[in-house]
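Next, two complexes with subunit A in common: one pairs it with subunit B, the other with subunit C.
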Partner chain A sequence: MNTAEKYADERLMRSHFHPREAAWNVRDAWASWNGYKFAECYYDAEYEYFCVRNSCATYDICPMQKYYVQGRDAEAMLNRMVTRDISKLPLDRVTYVVWCTDQGRMVDDGTIFKLADDRFMLTCGSPCGAWLKMSAFGFSDVTVTDMSDHIAALSLQGPTSCAVLKKMGLHGIDSAKPFDIRHFPFHGDTLMVSRTGFTGDLGYELWVNPELALQMWDELYAAGADYNIQPFGEEATNMARLEAGFIMPGMEFNEALKTIHFEHDQTPFELNLGWLVDFNKPHFNGRNALLKEKERGPKYTLTRLDIEGNKPAEHSYLYSNKRCTREIGYVTSAMWSPAVKANIALAMVKTDCLEGEIWAEIYYEKELRQYNKAARCSVMKKPFWAPARARATPPPDY
Partner chain B sequence: MVMKKYDAIIIGAGHNGLTNAAYLAKAGLDVVVVEKNDYIGGASTSREMHEGWVYSSASYVCSMLRQAIHRDLNLTKHGLILVPYLGTVNFGDDGSTLVDYPNEEAAYLELKRHSPHDADAMHRFQADLARYAQFIRKTLLRTPPDPTSLRPRDIRELMFLGKQFWALGEKEMYEYVRFFTMSAADFLEDYFENGLVKAAMSSAGIIGTALGVFSPGSAYILLHHVMGDVDGNIGAWGLARGGMGAISNAIAGAMQEHGGELRTNAGVSQVLVKNGKASGVVLESGEELYSGIVVSNLDAKRTFTKIMDRKDLPPGIFEKAEQFKIRGSSGKVNIALSALPKFKGLPDNRYIDRGGQGFTGSLETMERAYDCWKRGRWSDDPFVESVIPSAWDPTVAPPGKHWMSNFIQYCPPTLADGPWTPGERDRFGQAVVDKIERYSPGFKDLIVHMEVRTPHELEQEIGLTEGNIFQGELTIDQLLFNRPFPGYAQYRMPVKNLYMCGSSTHPGGGVSAACGANAAREILMDLKRPNTVPEDDFYDE
Partner chain C sequence: MEHYDSIIIGAGHNGLVCAAYLARAGQKVLVLETADKPGGLAASREFHAGFKAPVAHSVNHFPKKIVTDLGLESHGFGTSSESLPTIGLSEEGHHVVLQGGAVTGVEAGDAAAYPDFMKQMQRFADALKPFWLKTIPRAAITNLADMMTFGRIGLKLRMLGKEDMREFMRITALPARDLMDENFDHPILKSVLCWDGLIGSKMAPRSPNHAVLPLLYRMSGDYCGDPGSLIEALHAAASASGAKIRTATAVERILVRTKDGVLAAQGVELANGEKIEADRVVSSADPQTTFFSLAGVESLEIEFTNRIRRLRCDGYVAKLHLALNGLPEFTGLDQVGGRMIIAPHMDAIEFAYDEAKYGECSNEPVMEIVIPSLRDSSLAPQGQHVLSAHVMYAPRRLKGGWDDSKRESFRERAIDAIARYAPGIRGQIIHSELLTPKDLESDFGVTGGHWHHTEFALDQALMMRPTYQAAQYSTPLPGLYLCGAGCHPGGDLNGSPGHNAAHEILR
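Coming up: the complex of A and B.
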């Protein structure tokens, strides 16, 4: 037997873009996502992060889960599942959604693409086929198809991303507003482009038949050569999304269906996503529990913190006093933001303590010695990073 | 009509003048910055010198900008993004190349290819430099104490310095004192054996200074250039997106947000002194502006010999200013290119293009270039430090086209056989291009436009005496409590209500914004206003 095949079943799958990504991955720095081999970084995480903020860079979203939800009842079924009202979502538009258990605890977040009146695409970070099947129960005309392995998808993010797509020949892409979807003929097939992303910057996501994946990559990279295009991995993504204030499963929230301990999962209100919950639409999963949660107010609230000093408050507890004796919450993600030049964090803070003083007990290491210090935190009302170009239509060329 | 009286007039819209004004305005003072040029930024400026190309005409990279100030003035909101650039490649006389890769392992392996000994020694070298840097970094956003004063604040600050110094440990204290008087070459001799490694490491010791790699004092210049950081990575250098002008523009934005006023095309011909106190300025137009305080962002020599009446100064100050060591030694050649140049001896590695280029040669070549400077000439084989910001920054050149910044050490302030002429300037530029062409055949064919700047142009345009980029040599006789003159290191000048805030003051040259901020703190103290200047932010390092 071929020794290379001995462990074949244990090996990770390769993304449709893997041949190109492997060439770019100078550091051989691979992690995994949903069974796919996935780059932690390609050259240098900070360099890649700055490509996102300064020029443009691509992020492989092949491992992201994609489901077609089709049929006359598709809209009704999705509207029953997610907390947001998607019945008014226009054709060729994308919307950000969350869905919850009956107890109002968040299963996952994702996006819904309206591709036709009876055809939607749902994307999310973790597989949720079983939940979709359960959610479709009782609807007569709806089919759910897992497209995850059958659509190649690449996210292009950064200030020069629109210029690159224009150069690639996607005429009219500059008129796409945030969350718009456009379709372009592409070698006898269709290239779908949505103005979406996970970096808080100007950016697009490209969706194509896997057979055309490498061709699309090559054309995109040829167009982007003069715009400093560069692939970016998980580390840079995590930096960019934190600056934008976006939540991550396993960081800000624990997926409800994978939660063992009581209320170690979260409600949308706790995650400051109350604006995604629409009580005016027909019944949806978790409605009663969420109505109660809204009236009572969430116990914790996800909060953006600007923390003094420059030591990231990773894994810090939060206190209402400098002596760090009265605990009021915990940090979920933290970093030094190179673009904003601030020590930023997302944190779960007891809602009734948001108005008072907030102190983080920060732990750090210096040449094998452990240190800790209390740092004053201020609550930030707005995202740390929200450049005007991310909303401008047409966007600037850089 | 009653003439308006400002609380403070700041002369010169360089980045330090703007920082000073921003902090005074933040404290509620009514301030105006007057600038002789029709653009702001002084040596930290971006100018479109050829259609589609934006040059950082003078300073070109940034590492010392105090993060605490960036954060405190919210310069990101005012459009500033500092992007670190990747490591520099150094070119040796013999055609060898040494790449300082950003990845630690890769950098080690590259050094090992040149000298296994030096690859190991680099760890000790970097630890020692970081230790020295750590001490001096702590002084940047502090006012130097007067060692002859018994005022509690001076004693407190002296004790602070003493405490930090003691913390180095006995051996390092001796080393530190030696270090300040050593040459870069002697310092490096203790660590390295490979010629190109030594040359590459020493280049920071001569940039901007009229010293050679073998001159005592150049070791400190080396430290001055590596003690900066980008996001805590000590020694890293960054590019400002949009060029160095983005820094000045962002600081100006913060200043204006706090109510400060900016006037361009408003050169100052004279500082008004009344009853022994500075009381305003006379502009070149003849217009007079009045204020309680006058702050000069000009260098010390210019301030006291060009815009002050000698009889307004106490005895000896004019002479001190005349003798202030401010020797022009650098040139700058900005080149617009139709494509990215390719260099001999390098792999086709796109990341190397995104770092800098050091046309270093060897210690001997660098010293010979210094010899030429001493004789009032430029070298045909000068040290050139380059960077191609457009490889990263999409805002400074059209897509696919490039802008190359070339800094040249050395270039004399005047030539042996007379002053600079446009013809001589262009011949100097040609010598630089010829040198790059030797390492990048075909380079000349890529040139679309070129701006050559000798010390003469730097002085004429920016107002740096002799074109000295530090506003005065960074030698121990002109550092800390000796900068600019002994007894006047706390930003207060010999005339009451007159202050200085430029790089002629502590901590000296570089786009740090520290001089301007420190001066603002002293002014606010004198006015008994609450301090608006932040403390530096790395005390827990």
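Coming up: the complex of A and C.
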């Protein structure tokens, strides 16, 4: 019996960039994302992280879910679904959004690209076709098309990313402001570039017809050769996004539709994303519940912590006293940040305990021996890391 | 511009009941009705020159409270506490007759079991009765009044006594067939007793989920009467209380606008473009029509919208009207004044249902027949009569869709079925008409042509009717209320939804 045939449907799909990525992946360190074979790292996660922070590197976002929402009612349908008001979103702009259940619990976050008055692209981390279908029901002119497999997308992040794109021939890309979208002719087709990303640094995302995916990769890597361009995987991404303070499903929040236990999911207010909830909009999904949440104040608040010492506070509980007897929260993500030179963490802290002392009970291992210690945490009001170049237009040249 | 306290969409009996209560409480009320006269499915309509009949042909369990509160008797509603005899027809003329708590035409064993069975069912019906005229609170109780409602339900059931309460719990979701098989032998008696549990629903005797609740609902009314006189009395009572009723006025949509920063229903726009403002809009239309066609999903929440979408709203009952040149004669039957049921055994209903379940019309339809012109002589020329029958099963979503020839063929099948019991009927027919659920949908604006607006079943009952967040007559859209059969307690000519909605609005 041919077992390869038998399990054909079970095998991970290969990204449009896989032939090139496989060559780079000297560690054969593959994980999966939405059914795609996906690199944890290619060579060394920390090395890749330093590439992102010091030169530039690419992250494969083919497995990210992409939906076209089209039709006369597309804007109305999306505007009812997400908490932010997208009716004022200009053409060729991107905006970061979250969407919630009727009860105001977060289903997912993602970005909306306005490609035409009646055409939007929604991207998000995990499949949400069923939710989009539910959201579209009752509108007379809106279609939702899952484009996930039909668009090849690559994220180029890092301080030299703009320089590389210029060298690749994308003239004028330096005038694109954060969240702008530009279109470039590319071998008889179009290469769409958005100034977006998940690293908090200067960066772009490239969207192209899958048939041109490898050609685009090759041209990008040729242009980036002198800039030490390098692919980066899941682990480096997770480091960069934590420094940027971006939330991750399965870490900072649990998608509401996949949550079984009562209120083990989150509201945008708990995730410190209240700024995305626009109560000037007379209606959006979860509005009533969120208004109540806002008036009452969230039970927990996602908080940036600077923790003494250098032991990452991964999976730590938080307490209001050094003896660690009064629990007030839990760490969602933690790392020693090379860029900030600090022991940082994102944590869910009971809102009414934010003003008092916060202690993390950190567990760590030293040569098979387990230790724990209480470390004092201080709340960081500002982002851990937000370089000026991430927002500058044109970005500094290299 | 005119401004009303409440605009009520639809002058069916629930819309009129609600309007009358609101107007009596001092509200300025406007009722808007698409048809050129009030009554909805209970309105008498001429189906042939000189012959009239309402689609809903009987009032079997109308609450005394509404009759008293609104003075319906003084407005001409002729009430009777005695229901029509129910006659299970037999081809050979050995009919089974249920009247006044006794049954005839069956063996001694069944005749002896029947009164006890009915008494027990009546005790159950009486225990539930107070709650048909009450708002059933949300499951998450937030106040003392709601807690007391639940407490009273529990107490009522407990007061049935241990044995009755156990039996009640046991049979609540029992298929009708099991209940009847346990108690009786005569096939006609069994199918006739099933009938009130399933008429109007997508159900048959073997279906779980239904047997008792609709049956008890139908056993818990106070008055029987005639639909025409009920509608006239309600119309008169509502008008006398000051409610304004505009017929031939179709509502195009509910005006949803921002008020205090949120969307709210603030009036209606008519088909002719006219806008009428109101503090609230109360819809007696079915939930899908109300939320999707009139309010629009844009102003609703996504999960709520999809709960309304999944309501089971397909009708399975066709309506047959015959204009007859005289009183029909049924083999072996002295008087045709009762409610006659053609369903010789429970499997006849079941097999008729099986075909409909897969999208076909029943080959051997089962039905309930009355001769309304016997009670209301205005429905037919003198000496002539109208036969009115609810014929099951005719699926709204017929395979391949309804057309004239399919309608005609089902009509003939229904007449053939009657002719087996009333052999001379074909010679008496002056005109015949069959309304399919699709016809009911387009002529009366009710989704799926469903009598009860949406299935009357356990999962769509009580605080789940039509769905949570709209089961207390208010809806998630501020200013929009429901008062139709899609709300607790449900369908039939009963008026409780209209009564309860008014109570919630005035609270």
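Convention: the second predicted complex is superposed on the first by the 392 of 398 C-alpha atoms of A that agree within 3 Å, B and C clash if a C-alpha of one lies under 4 Å from a C-alpha of the other, contacts with A are read in each partner's own complex, and residues count from 1 in each chain.
We adopt the following convention: a residue touches a chain if its C-beta (ideal position, glycine included) is under 8 Å from a C-beta of that chain, and two chains touch if they have at least 3 such contacts.
Keep in mind it's a predicted model, so treat the numbers as computed, not measured.
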item	value
A:M81 touches, of subunit B and subunit C: first, second, both or neither?	second
Partner chain(s) touched by A:E46 [first = subunit B, second = subunit C, both, neither]	first
First, second, both or neither for A:S135, with subunit B first and subunit C second	second
Which of subunit B and subunit C A:L12 touches, first, second, both or neither	neither
Between subunit B and subunit C, more extensive residue contact with subunit A	B
First, second, both or neither for A:K373, with subunit B first and subunit C second	first
Subunit A contact footprint on subunit C (complex, rising order)	258, 261-263, 292, 296-306, 309, 476
In the complex, subunit B residues that touch subunit A	67, 70-71, 75-76, 81-84, 86, 102-103, 230-232, 241, 351, 354, 391-395, 399-400, 537-538, 540-541
Complex interface listing, subunit A residues touching subunit C	76, 80-81, 101-102, 131, 134-135, 137-139, 279-280, 282-283, 285-288
Subunit B contact footprint on subunit A (complex, rising order)	27, 43-44, 46-47, 50, 53-55, 159-160, 163, 167, 225-228, 309-311, 336, 338-342, 364, 366, 371, 373, 397-398
